[in-house]
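Structure, as structure tokens:
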Amino acid sequence: MNNRIRAVVAGATGYSGRELIRLLLRHPNIELAGAFSSGEAAPLAEIHPQLTGLTQLDCLPFDRATIARIEPGLIFLATPNEFSCDVVPALLETGATVIDLSGAYRLRDASLYPRYYGFEHKRPDLLGQAIYGIPEFVREKLRNARLIANPGCYPTSILVPLIPLRTEGIVDVQQPIICDSKSGVTGAGKSPNSTTHFVEVSESFRAYNIFQHRHTPEIVQGLGLPGESLIFTPHLLPINRGILSTIYLRLKKGMGRREILKLWQSAFETSPFVRVFEGSQLPEIKFVANTPFCDIGCAVDETSGQAIIVSAIDNLLKGAASQALQNANLALGFDERAGMR
Amino acid sequence: MNNRIRAVVAGATGYSGRELIRLLLRHPNIELAGAFSSGEAAPLAEIHPQLTGLTQLDCLPFDRATIARIEPGLIFLATPNEFSCDVVPALLETGATVIDLSGAYRLRDASLYPRYYGFEHKRPDLLGQAIYGIPEFVREKLRNARLIANPGCYPTSILVPLIPLRTEGIVDVQQPIICDSKSGVTGAGKSPNSTTHFVEVSESFRAYNIFQHRHTPEIVQGLGLPGESLIFTPHLLPINRGILSTIYLRLKKGMGRREILKLWQSAFETSPFVRVFEGSQLPEIKFVANTPFCDIGCAVDETSGQAIIVSAIDNLLKGAASQALQNANLALGFDERAGMR
Amino acid sequence: MNNRIRAVVAGATGYSGRELIRLLLRHPNIELAGAFSSGEAAPLAEIHPQLTGLTQLDCLPFDRATIARIEPGLIFLATPNEFSCDVVPALLETGATVIDLSGAYRLRDASLYPRYYGFEHKRPDLLGQAIYGIPEFVREKLRNARLIANPGCYPTSILVPLIPLRTEGIVDVQQPIICDSKSGVTGAGKSPNSTTHFVEVSESFRAYNIFQHRHTPEIVQGLGLPGESLIFTPHLLPINRGILSTIYLRLKKGMGRREILKLWQSAFETSPFVRVFEGSQLPEIKFVANTPFCDIGCAVDETSGQAIIVSAIDNLLKGAASQALQNANLALGFDERAGMR
Amino acid sequence: MNNRIRAVVAGATGYSGRELIRLLLRHPNIELAGAFSSGEAAPLAEIHPQLTGLTQLDCLPFDRATIARIEPGLIFLATPNEFSCDVVPALLETGATVIDLSGAYRLRDASLYPRYYGFEHKRPDLLGQAIYGIPEFVREKLRNARLIANPGCYPTSILVPLIPLRTEGIVDVQQPIICDSKSGVTGAGKSPNSTTHFVEVSESFRAYNIFQHRHTPEIVQGLGLPGESLIFTPHLLPINRGILSTIYLRLKKGMGRREILKLWQSAFETSPFVRVFEGSQLPEIKFVANTPFCDIGCAVDETSGQAIIVSAIDNLLKGAASQALQNANLALGFDERAGMR
């Protein structure tokens, strides 16, 4: 027990923070040693009654000195974008591996931050050092990584199925790739506002941030595409958790469903948390809710070469907390699945 | 058209206000002449996009002089309790019939206000003059009423079935009457907070304000009971609208289901909006959602005399807006159903 | 009252049938004179407890002779596709205007029926005579129409916004039009099966019938496009009612949001039930649920000419019952809005 | 690995069966060795796509000989009541510990079966031998038990908080104990029918089986009460999983909240899966969903002695699968929490 890595979670009052804590509390090699937030000190089990009986830990006001004294091996930031941007440099000095669940270190091009995140990035130098952590594609780089930018939930659902296709060049990018994504409400965070009010969400459905969502440049960067080749439209589903993305693209001549499945099988052969749906059943949100999986499947109209890819994740797990833990496991040399079997 | 009564709605931005407006816009004898709120001026159709194409009216900042200039025949207040308490006296001076949907004029005993509503009532004299408007029981009194206290949603669901039984004395009040009520989220109002956040409500269920809800004295008053004879427990359902109350009571010796149904039939014979379920089917929320009905039914264990009464209403309609309009129709001498067929 | 047109509803036990009945019961010029289904005789208010107190009518086993004796002016068929196909010819002989809510008379090309509907069409001659009734586009043709094919729910949500754009040729059809549509569960009908089980739908979301849905040829026909120019993907939302379609298309050079809005304004100037959203607010399902409206809005990336159109309807109303009533009103020369104000 | 106990699950296609399988697949000391149902052979991952990648096992048609050849140490029956009643005797002959999740062996009085379960019990002799397994109250008896009757979901939520109070006699049973319980839809099973159809459940709420539910005699037996002292009313919540019971009872003179909490603390001091809520926060379904916990809390009106107890469980876990596994762990001498940390 005493040899376990000490981990700290900042942003412990939000939904992603809570899920991280839940996972860490049953991890065989990591010990939850501290929880922090912008609020006042309070028992974690009071903030999240779900955790009653599972931990006696208090959530404390965020303070770098307190964190340093814990001598953590891991620091998870489930904090607002600009806050993450500001505190990462000092937290790296503790020697811990920092895994940032915000968008602060995801984009390599610092000039995109004012437009998409509303602030000027103060440490563009670190953007090049951060590992963009979809673990399935960067396992080697993650080993001993110091700063990991944990991907956005929507981008994860889109990049996992598309990167293998893009890498092999079977997509005809003359036709824009259209990503019609739908997310549960935990994706909008825990702060109550008019768009997360039960009555405004239940028995309804809507698109939002059309042509403007901050995950667009993240997806474009991940696919190595010119911006105009991709359209991303997020929608709000009246459910708690889960994302389903319906992705429309045209395949190059001669390519079909068989080629897509082959590329996926080869790309994810050793990936415990990507499940390729090879039969007629397509991914659905209920199959992945409360799990660390990304499910992917596809249908192709072989005549026209038009392909539809369907992917599903739990936005709080593969889209946030469990992906962060996968990244942590790989950075520390543990089994990728530790704490998530 | 020009002979229609002019009506004003204050508190037009909330859910009850919106439903009132929707009803008034199709009323044959009443014209929506003004809408007010505590916010800035804005088109009603912008505040409630549901109303797009149905009205060009602006919602204006609440102002007594502006209201007086409209020369309204009817003023509906869907405003906070203390605000209603304060403005009713001045609004009565306009000569309009005032229908207050808040709790400010529902309790006859002014001394209950500090404990249950958190403020000292400034006009206890008016409490005796206000008509507590469950129209099914006070049709005569409503004619030409000047101040009508529109009942609470939970009390409506409980008093409609119980008043006829109490009046006839078939209930054995040695055993407390237990009202286990469940309400949709519109009952909690439109202000976003942690208890109305989608994620906190969806896939969950909870009791709240046990032994302390402000509707308790209103129900006790309506039944003419000593306080300890009634237990009222509200719960929050993960639905938008509707209340179902499950009411437990013991009947006096010799009384059974037949006697309950008889009393209800006689009490509601001429009531268009109370539906007595006489067969094995019991009321459910879906049967009354988006309607002005109160559905009532019962089951009795004839051996023990234990009775279970089930009632259902739409909390925004029979529990607020349509009941207010029923009251208005009766006060003005219109058909009770006008605007709600 | 005695001069009202007598109407018959066949398929009265389903959701569309129930909504039609609800609308007809408050229609000023039409009288619900008969209700039929494939089941045994039973009071309508027993089949649909929502209708308690609103009608004493029994729902009878479908029988042409019984229907003929009613001497109806209007017959609404909310019956299965093949059943509608078979009974329409005989029902036309009663002299009534027949409005078929099934797909049996929507496609002009009879050869599509075996593939998409699973039966050989027995009366291809009638396909040319049936009016495909999106009333906004065929008001003149509807007057005195004898057979009206009421459009599908998904096609309505897609054709209302697209037909004006197609007619004016501002869409670049080199790029396929992609219709990503999401529907509530009433669209799947009232028969319980594993795909409508609450637990399989709630807290989930899925695509279905990819590249194969029977509404595809209906949309293609409505737009006058070659089949490969359109991709239609339906999804199942965990809500009761409502459809939202997100439609992706490329505009011709020089065309933008302004041109779309202009075409819509001109096309729907006199249409009471189409609402063009001209500001930044886009349509959402909650704005149209329980209403006869089709709301439409758009966003355009002016650089690339990529347009996203968002439309919303209530699938049981504008997607079925209220559209049928609009068609009936126009066929009979009544105000288009009668019974739906 | 080879020393693990082999377990068989019969009734593997239902919701309880699925949850049992999910738990067994990560149990350190038990191996899922067989899955059976009344249907045709099919991979478990096809029946429950949630299990994709987690097991290669096929679900086979139920057959005693096949089960016997597995030489199981544990047999879980998540099968219909009468089926369980019939097969338990033969399955006991395999030497395995049989844990029956149906109601077939829960009632000690065989004469209750025809009325509440619709069949004559063929093995009344075994009713006396079966351990009614709420593990918190029968840990000693469970060790080496051969036949365990796993309690019903509603009874679990009621008996866990009430048994300690009844045992100590602080309840005044002159007033009936009223249990107003609300359950999610998984409690109604996986067979689609009109009462589990999404549209009939969503945005609604209803009571059912008033005065007649088969869990009533089970609760009465568990509390050692005369039948007329308890009223149990189940309701259907529009959620997937979870039960909340609101329980009304009168305490004996001099007893209050403090006494209840003390009895609970003492009864559950060593119970890992019962959480006593001692502060002002009461149990809610979301705190226990997807967990093996039973949360209990209470409020007391000290003047009248009226107490309200609120309890919450996940009906598929503490109300079925995880309670079965707790029972199995105790029967086999494992840590009660094994497989459920």
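Order of writing sets the labels: A, B, C and D. Residues in every chain begin at 1.
Everything that follows uses one rule, which is that a contact is a pair of C-beta atoms (placed from the backbone, for glycine too) under 8 Å apart; a residue touches a chain by one contact, two chains touch by 3 or more.
Since this is a predicted model, take the numbers as computed values, not measurements.
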>> Under the document's definition of touching, what chains do subunit C and subunit D have as common neighbours?
In response: A, B
> What shortest step count links subunit A and subunit D in the network of chain contacts?
Replying inline: 1
> Between A-C and A-B, which chain pair is linked by more C-beta pairs in contact?
Replying inline: A-C
> By mean C-alpha coordinates, which chain is most distant from subunit B?
Replying inline: A
>> I'd like the Å distance between the centres of subunit A and subunit C, where a centre is the mean of that chain's Cα atoms.
In response: 40
> Just how far, in Å, is the C-alpha centre of subunit C from the one of subunit B?
Replying inline: 36
>> Using Cα averages as centroids, what's the distance between subunit A and subunit B in whole Å?
In response: 46
> In subunit A, what residues contact two or more other chains?
Replying inline: 202-203, 238-240, 284, 286
> Mind pulling up the subunit A residues that touch subunit B in the complex?
Replying inline: 15, 185-186, 190, 192-194, 196-199, 201-203, 238-240
>> Residue numbers of subunit B touching subunit D in their complex, please.
In response: 175-176, 178, 180, 182, 184, 200, 202-207, 210-211, 228, 231, 233, 235, 237-242, 244, 246, 248, 282-286, 289, 299, 301, 303-304, 306, 308, 310
> In the complex formed with subunit D, which residues of subunit A make contact?
Replying inline: 26, 46, 49-50, 52-53, 202-203, 272, 275, 277, 281, 284, 286-287, 290-291, 293, 295, 341
